[in-house]
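What follows is a structure written as structure tokens; I'll ask about it next.
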Amino acid sequence: MCRWLAYYGSPILLDELLYKPEHSLIDQSKHARMGVETLNGDGVGVGWYPDFATGSDGPVTPAQYRSTGPAWGDMNLRDLAGHVRSPLFFAHIRASTGTPVQQTNSHPFRRGRWLWMHNGAISRFHELKRDLLLSVDAALLPDIQGSTDSELMFYLALSFGLEEDPPAAVARMIRLVEETGAKHGIDNPLQMTVATSDGERVWVFRYSTERKSRSLFFSTAPETLHRLYPENAVFSGLSPETRIVVSEPLGDLPGAWNEVPESTCGIIQPGMDELIPLNPFA
Amino acid sequence: MCRWLAYYGSPILLDELLYKPEHSLIDQSKHARMGVETLNGDGVGVGWYPDFATGSDGPVTPAQYRSTGPAWGDMNLRDLAGHVRSPLFFAHIRASTGTPVQQTNSHPFRRGRWLWMHNGAISRFHELKRDLLLSVDAALLPDIQGSTDSELMFYLALSFGLEEDPPAAVARMIRLVEETGAKHGIDNPLQMTVATSDGERVWVFRYSTERKSRSLFFSTAPETLHRLYPENAVFSGLSPETRIVVSEPLGDLPGAWNEVPESTCGIIQPGMDELIPLNPFA
Amino acid sequence: MCRWLAYYGSPILLDELLYKPEHSLIDQSKHARMGVETLNGDGVGVGWYPDFATGSDGPVTPAQYRSTGPAWGDMNLRDLAGHVRSPLFFAHIRASTGTPVQQTNSHPFRRGRWLWMHNGAISRFHELKRDLLLSVDAALLPDIQGSTDSELMFYLALSFGLEEDPPAAVARMIRLVEETGAKHGIDNPLQMTVATSDGERVWVFRYSTERKSRSLFFSTAPETLHRLYPENAVFSGLSPETRIVVSEPLGDLPGAWNEVPESTCGIIQPGMDELIPLNPFA
Amino acid sequence: MCRWLAYYGSPILLDELLYKPEHSLIDQSKHARMGVETLNGDGVGVGWYPDFATGSDGPVTPAQYRSTGPAWGDMNLRDLAGHVRSPLFFAHIRASTGTPVQQTNSHPFRRGRWLWMHNGAISRFHELKRDLLLSVDAALLPDIQGSTDSELMFYLALSFGLEEDPPAAVARMIRLVEETGAKHGIDNPLQMTVATSDGERVWVFRYSTERKSRSLFFSTAPETLHRLYPENAVFSGLSPETRIVVSEPLGDLPGAWNEVPESTCGIIQPGMDELIPLNPFA
């Protein structure tokens, strides 16, 4: 269980969100205000899409930097954040719920052009792990590198068509976890906020069996923020489409953050963003 | 694919075998003389049984120290080796065959009172992994922490009764790997030297599908060595039962090392040691 | 600034103090109750004297294990603590005051038979560093491996005769820091609790320029604790000389812990322990 | 003692030089062909200047990524190299000559806009260290973070005016090392190839007391290479000013590499590059 941040919009230095704001994400690694754990010191990661083509076959593939130490002391991350500019990036600080602190367990996870990160947990994951592994596509299973529930959820969603229809694939993954949990007599098997992207759009999900999901917020449009806070130079340089999604608000600006509703999928994309109900059992 | 060493006998400092001998195990991490890889810089580990009771329920449980850097620069290992004395220990230096360099992939592996380490590989492991995972006992599977073929072989052996009859369990594990490999059309699926122990005895195995297994040697009895090399003080202090098993000889003493025959299981134990044929398809 | 623990007495597993007690030292790495920092996640270390001779020239030399991750997730430390028994050991969890998180900056520090660890800081160390370095014995200076004020204090004390007369050498080190601080116009240059040992005795120091030193406690004699808490088996197995010194109390037993007075040196040794005033300017 | 690479010219992915060429720099970490050590597994680092302004005060500041594991297994480095594009970057693989393997000892070193990396050693550095430290500008000394001779050479050059006149400052640094070595009765105190940059130009130096310096090569101009190897697409996309300087040649193209002469400083810059004699005692 963790904290995370997803950025989409005008290219900016990672720094602008990871270190500079009051109550920044890296600051939250030492003392988060919301959620169960106040300490997220079991690894950190960023994933970013560069603003130039990298894949030899055309589209852009994301970069990953993941480490195992606490975010607050990671000199490489601080340097990267001050020198890498991206129009779409994820950042994640980890509080392990039992699995080892190792690079392959740090978020975001990646496959091809896709990134994935998660805050939450599958309850009594140890008991459900084998059944869930068996539901992963046989061709994908050997590529799982770490031992977290989060990466397994990613591979389940991939198995269920994440690359074609993310909301449907995530809903099906949720349903599988719920049903497997029920089979094992586990109450409230799932708790999650998830973000995933293909480099073009960002999908975020807020869901839990008990409908008391961990917090999730998206930012108000930059032009509105600019009207509210005309003296704040940051908001004037960003495209109108720029959005930030976070586990808990950065900074302390009234009107800047809106809660993602319970059991909802948010889609950040060129043109109008969307909030659609997430009903895995519909 | 790796190098390893198993020690059984009079309690000694780990140092005596890990660092002090010419061509010591740690020295081999920079340049091994035998085998496919000459460089074993992808992690190091030791497992040792203390000479005092540690388990609350009586018998002795082994300690593990595993790290991810090259053995030659590991300051903690050097210090441990100079300050830990044990009558039964394993040491292993790793050359990754593709799986990540991380603590949970360093040998030896442990479960309860059992240690396990491996040199070799399952060919095209990626293709066989799912089938092999499905053969692990359902109650054990979730405890697999890393992503190596070596740890999976350990869990297969555990599933097949390692704790009751190690030679039979390892033979059955070998047979499963061979049969699964054949099913997938893989030539020569298995190459291995393995050591395992419960703290009382040590079992070592030398096997490969093609009957060209990686090298394995056991040491001549200390009293014989003492007669051969009366000026060498080391051999006079050791009990007659003391044995060392290694991937490749330490030092350069003619008569000190004997090859474990192809397709053989060696058992080092109180009283007479044994060499028994390892015929998984008998 | 940090937390630490020193143990002297009947050989015990490190575990008994590092992990088992309520509010154990490792537990304090996540949330300490006393002192400035509540989070000590920037490295951990233990130093221990084995209960058998290790130095080739006779006396016992201490072992060091130091790592850079947070103590709470260190699998090697947990294993070591459960398998290493010692009659005299130090343990330390670090909260960096600015110097890098690296193994050579983790405590305890060692030279020959001596261990040293520190909680506190030299104020505006950056400004004083050069002058203090110049006061280190020329033959010792090149052996400084890290970049902390704590290790430099150790080397100053060594330069001033730590191995012959620890209280005098530490007093002279304190005086030098105070005088150098005054020369640079720094108020309250020094804040420290320190422990050092040669394997025979343990010296602990509590001092700060402003006479508001960080907390330090020593344990009541085991036989008294046994009378107070006859149902607690732990106290009956320890020799009467056994002592623990800690930054903040472990557990919650009234009468178990006594504060080391301000500006005091405590000496734990065979026979009567001593508390002597620490007056660097006497 | 180590291997390194400096790139100046058209922005390229770090990948193109770090991983892709036959006998690439990362490949050299496992088996270098030239020089004393064939194994460079004690850390790796890259420093790069982005092609957009980063410093708040205008000019571009370089980024650093440094780690302690072997380059060949560093997943973060591989990802960075495939996603970071730069017109001027340094890369370095380390073989420790005795100082600890830690991030602050990995090259390149940085101060403000300057990068510095080194292959070679100061002989008997331990004996010279104190005298050399005392020659570092008092205001700079406390900023030294690691314990290598290489970083100390950087700080000496900075103290002697690196930022104003690099060849003169490096010559003065060399003279100091030579004279200090002579004072201590050390033959051949210095062996070095060094690269340094301010983001506008790159200065490289080849020097040793005994005039048998470690190898250093610079690349032939891209247009010449293009004429020699018209089928090789790489050379057609690079600006005519593009240059690579390396410890040992990448790839195997006759005519592609020219040796930097003994006791020489090379300057890579807009317009004509220069090779000037390096005569510290002139």
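In order of appearance the chains are A, B, C and D, and numbering begins at 1 in each one.
One rule holds in what follows: a residue touches a chain if its C-beta (ideal position, glycine included) is under 8 Å from a C-beta of that chain, and two chains touch if they have at least 3 such contacts.
Everything numeric in this text was worked out from a predicted model, so none of it was measured.
Chains that count as touching both subunit A and subunit B, per the definition above, are C, D.
More inter-chain C-beta contacts link the pair B-C than the other of B-D and B-C.
In terms of their C-alpha centroids, the spacing between subunit B and subunit C amounts to 38 Å.
Contact with two or more other chains is made by residues 75, 100, 103 of subunit D. Across the complex, subunit B meets subunit C through its residues 13, 48, 50, 52, 54, 61-67, 75-76, 79-80, 82-85, 103. Residues 30-31, 39, 41-42, 68-70, 72-73, 75, 96, 100-101 of subunit A are the ones touching subunit C in the complex. Taken in their complex, subunit B has these residues touching subunit A: 100, 102-104, 125-127, 129-130, 133-134, 138, 141-142, 144-147.
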